[in-house]
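In what comes next, chain A is part of two complexes: it sits with chain B in the first one and with chain C in the second one.
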Partner chain A sequence: MSATYIARSTAVAARRLGEEMVVMSALDSTLFSLSEVAAVLWEAADGRTPLDRIVRERVCTEFAVDEATALRDAEEFAAALAAHGVLLVSAQPIEPPAAQAAAASGDPR
Partner chain B sequence: MSLMEEIIGKALALGVPLTVHVDLTYRCNERCEHCYLEHDDKGEMSCEEISRLFGELADAGVFFLTLSGGEPMMRRDFFDIVARARALQFNVKVKTNAVLIREAEARRLRALGVEQVQISVYSHRPEVHDAVTKLPGSLGRTVQGIRALRAAGLKVAVSNVMMRSNLDDRKGVAQLAHDLGASYFVDPTITPMMSGDRSVLALRIPGSELPALFHDKELVGDPESFCAPPPPVGDDERNARPCSAGNSACYVSPYGDVYPCVQFPLPSGNVRKQSFLDIWHHSPQLKEVRSIRTGDLPVCSSCAHLGTCTRCPGLAWTEGNMRGPSSTDCEKSFYRTGIPSANMLARGLMTFPAGTAETALAAFAPVARPGLGLIQIAPVRQTAA
Partner chain C sequence: MTIEIGGLAVRFRTADPEFCSLLAGRYSSFLRPDSAPEMEFEMVSAAPGRTAAEQDLEVSCEEGRWLLGRGDFQAAFDLRSRRGRLTCVPNPYSVDALLRIVHSLLLAPAGGMLLHASGGVRGGRGFLFSGVSGAGKTTMARLAPGDVQLLTDEISYLRRADDGFRVFGTPFAGELGTPGENVCAPLAAIYLIEHGSANRLTPVRETEAVRRLMRNTLFFASEPRLVADVFATVCELVRRVPVFRLEFLPDARVWEMIQ
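Now for the complex of A and B:
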């Protein structure tokens, strides 16, 4: 199975609010409130750490969830945020400048 | 409840300042007749001081950051400041007159991930707009700036500050905003100058013009619902905080002064002397603002409009009492519904029981004191172009 990498877009605003994470796309102003688990994924989305490793080392150690379920949920989460351009998903490690360039495309209205 | 309302509710519960407005400078290249600022530089924060402030704001949980002025682009380090804000992942909105924005500046703002640029336009007619700004050619330059921002892919909101002098140009400005691909909203807020000078209030829209505005579908959506009598006031309304100012929002001046809101100039601390978080959590002034619930307000708590009024505690403070009525908002509520406020009744402006809107309006005009006929309306709806 090939690895999946996730990286936060630079075209977003993000802030922790209690245990949740508030994220807004600068492209289309979509607002997200990420749960405690999703916030862990978001903060670990450095473009270099494979998603399965994030799930294994960060999610499964902090939350009572089996790895297969957590990975499936994490992939769905990543796909949903990627659809709004706030998270980048790739089979290759993602460098920050690429994240910026990818996020800068598109009409924000 | 919308997601935004949930987030605001959570910020209130956690004591987080979700929204902060920072004026980077009071200097400006325009001299708008209604402006509440003095434009001399009396010791602005340096880029490094602002950068340190941004770090403190991020630590405090601030998410929405408005950068304004004066004209913020009068600062040579403006883009450096925006870059530092964006590096800390704030949602950044810039308020500018766009006079200094051309293609290069627009592209740079876009690349930095600014979420929205808000620009004041007073009229679609240069002779009216330029008379307000006192800068010849300013409308043309502002429109050029908006075009550049839109071409770069930025969201632009046109703010139409309404006064006596441009009251007839609202539809023209709305059409201009639409043609430029910008959203449009009415901003009728004319506030006393920070120095306390209230002479600019004479520019406000005459109260007699408000019923027509409140019944304009383009502004309010459903006039029947918008102008309906207020529903009965319950415990939720009495226990509510009057405003986000000082509760989940605050303002920082170019000199580091912290106020509950840009419209509520109650000195509450200075970030050059204390950390922002120290001020936010421990300022006696902010604590006092935060302690107020609408049910505590001596006059307003008995008002039929308590649950629906746009009462501004900052304007009330400039009238002498942060717990008192904001008479401009009293009059807005009256002109919207035809039902006098408790404040108006207490002051003897209304001596009859509440009747229909037509009856009340007809009765109000002859008895209104000259100084109270000038009132404002709150932004009522942001219409996407």
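Now for the complex of A and C:
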């Protein structure tokens, strides 16, 4: 099974309000309130750590959930946020934001 | 003529006596001839017949230059040079619209915002009543007792301060038809208003408050950086200022709950 990598889009703003993480797409101002588990995934979405490792090392250690269920939920979460453009999902590691922005603008630096 | 709202001054240069008369009348308590302007506009008369204020406002930004257009006015300005040009027929709606947009753009990176809300100052503390059209903003202003200084019945002006947020009076009037008083106060509470079968006050969770206030925020730009600035301001606002849901009956007793 191939690895999945997730990274936060550069076109989002996120704030923790009390126990909740709120993420807003700066492109269309859509707001998302993340559950505790989703917030863990969000904060761990560095583009370098495979999703299954995030689930195993972060989610399953903090929440009472089996790995297969947690991974399935995490993949659904990633796909849903990716559909709104606030999370990037790839089968390859995702470059850091500066490189993403440069690639998007055609800047070859 | 220099119009100062919320501590930010915008100067309009015109030799047209009709424009001068319009500005002097509508913004009389907000005129500050000695204030250093944050923005300066040359006003130019438009050809007669351009009065379709109902037309949708179009806002765009190209390489730092903002272009605004509606049936009754055209404007172009640059936030870096702080200069622009307004072409319109002499009517208050064009100047009001321009001022709202310019202030919202200047406030965004400075931790301020414009909110669809009426408001007042009571006992030195500011209270805002936010809602969509028809929620009761003007009604709350009309019901205000005599010890309340009205800030506006339509568009409220907020700025971040060391001790929280401050609210300022604005000349932007709704159905009440009169400008707010040119005063400011620390913001004590925000009420998300709706008509109800009784007067009832309920605290609103922070995330829900952010969601509701974002919907009621006046913002015309789509630049991700500025949108993120507004989001950050709203998040900070709900952290620092209590937000309540206020269901109310349209009589003066509702103000007994505003303390």
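The criterion applied here is as follows: the second predicted complex is superposed on the first by the 96 of 109 C-alpha atoms of A that agree within 3 Å, B and C clash if a C-alpha of one lies under 4 Å from a C-alpha of the other, contacts with A are read in each partner's own complex, and residues count from 1 in each chain.
Everything below uses one rule, namely that a contact is a pair of C-beta atoms (placed from the backbone, for glycine too) under 8 Å apart; a residue touches a chain by one contact, two chains touch by 3 or more.
Small disclaimer: the values here were computed from a predicted structure and weren't measured.
Asker: Quick one: is A:65 in contact with chain B, with chain C, with both, or with neither? Answer first, second, both or neither.
Answerer: In the superposition, A:65 touches no partner, neither chain B nor chain C.
Asker: Answer with first, second, both or neither: which of chain B and chain C does A:29 touch in the superposed model?
Answerer: Touch status of A:29: both partners.
Asker: Could you look at A:18 and tell me whether it touches chain B, chain C, both or neither (first, second, both, neither)?
Answerer: A:18 contacts both chain B and chain C.
Asker: By residue count, is chain A touched more by chain B or by chain C?
Answerer: So, of the two partners, B touches more residues of chain A.
Asker: Considering each complex separately, which residues of chain A are in contact with chain B in the first and with chain C in the second?
Answerer: 11-13, 15, 17-18, 20, 22, 24, 26, 29, 31, 33
Asker: Which bits of chain A are touching chain C when the two form their complex?
Answerer: Within the complex, chain A contacts chain C at residues 11-13, 15, 17-18, 20, 22, 24, 26-27, 29, 31, 33.
Asker: Please output the residues of chain B touching chain A within their complex, sorted ascending.
Answerer: 3-4, 6-7, 10-11, 14, 16, 18, 58, 61-64, 86, 89-92, 110-111, 113-116, 153-155, 181
Asker: List the residues on chain C that touch chain A in their complex, please.
Answerer: Against chain A, chain C makes touches at 205-207, 210-211, 214, 222, 224-225, 227-228, 231-232, 235, 238-239.
Asker: Across the complex, what residues on chain A touch chain B?
Answerer: Of all residues in chain A, those touching chain B are 10-18, 20, 22, 24, 26, 29, 31, 33, 100, 103-104, 106-109.
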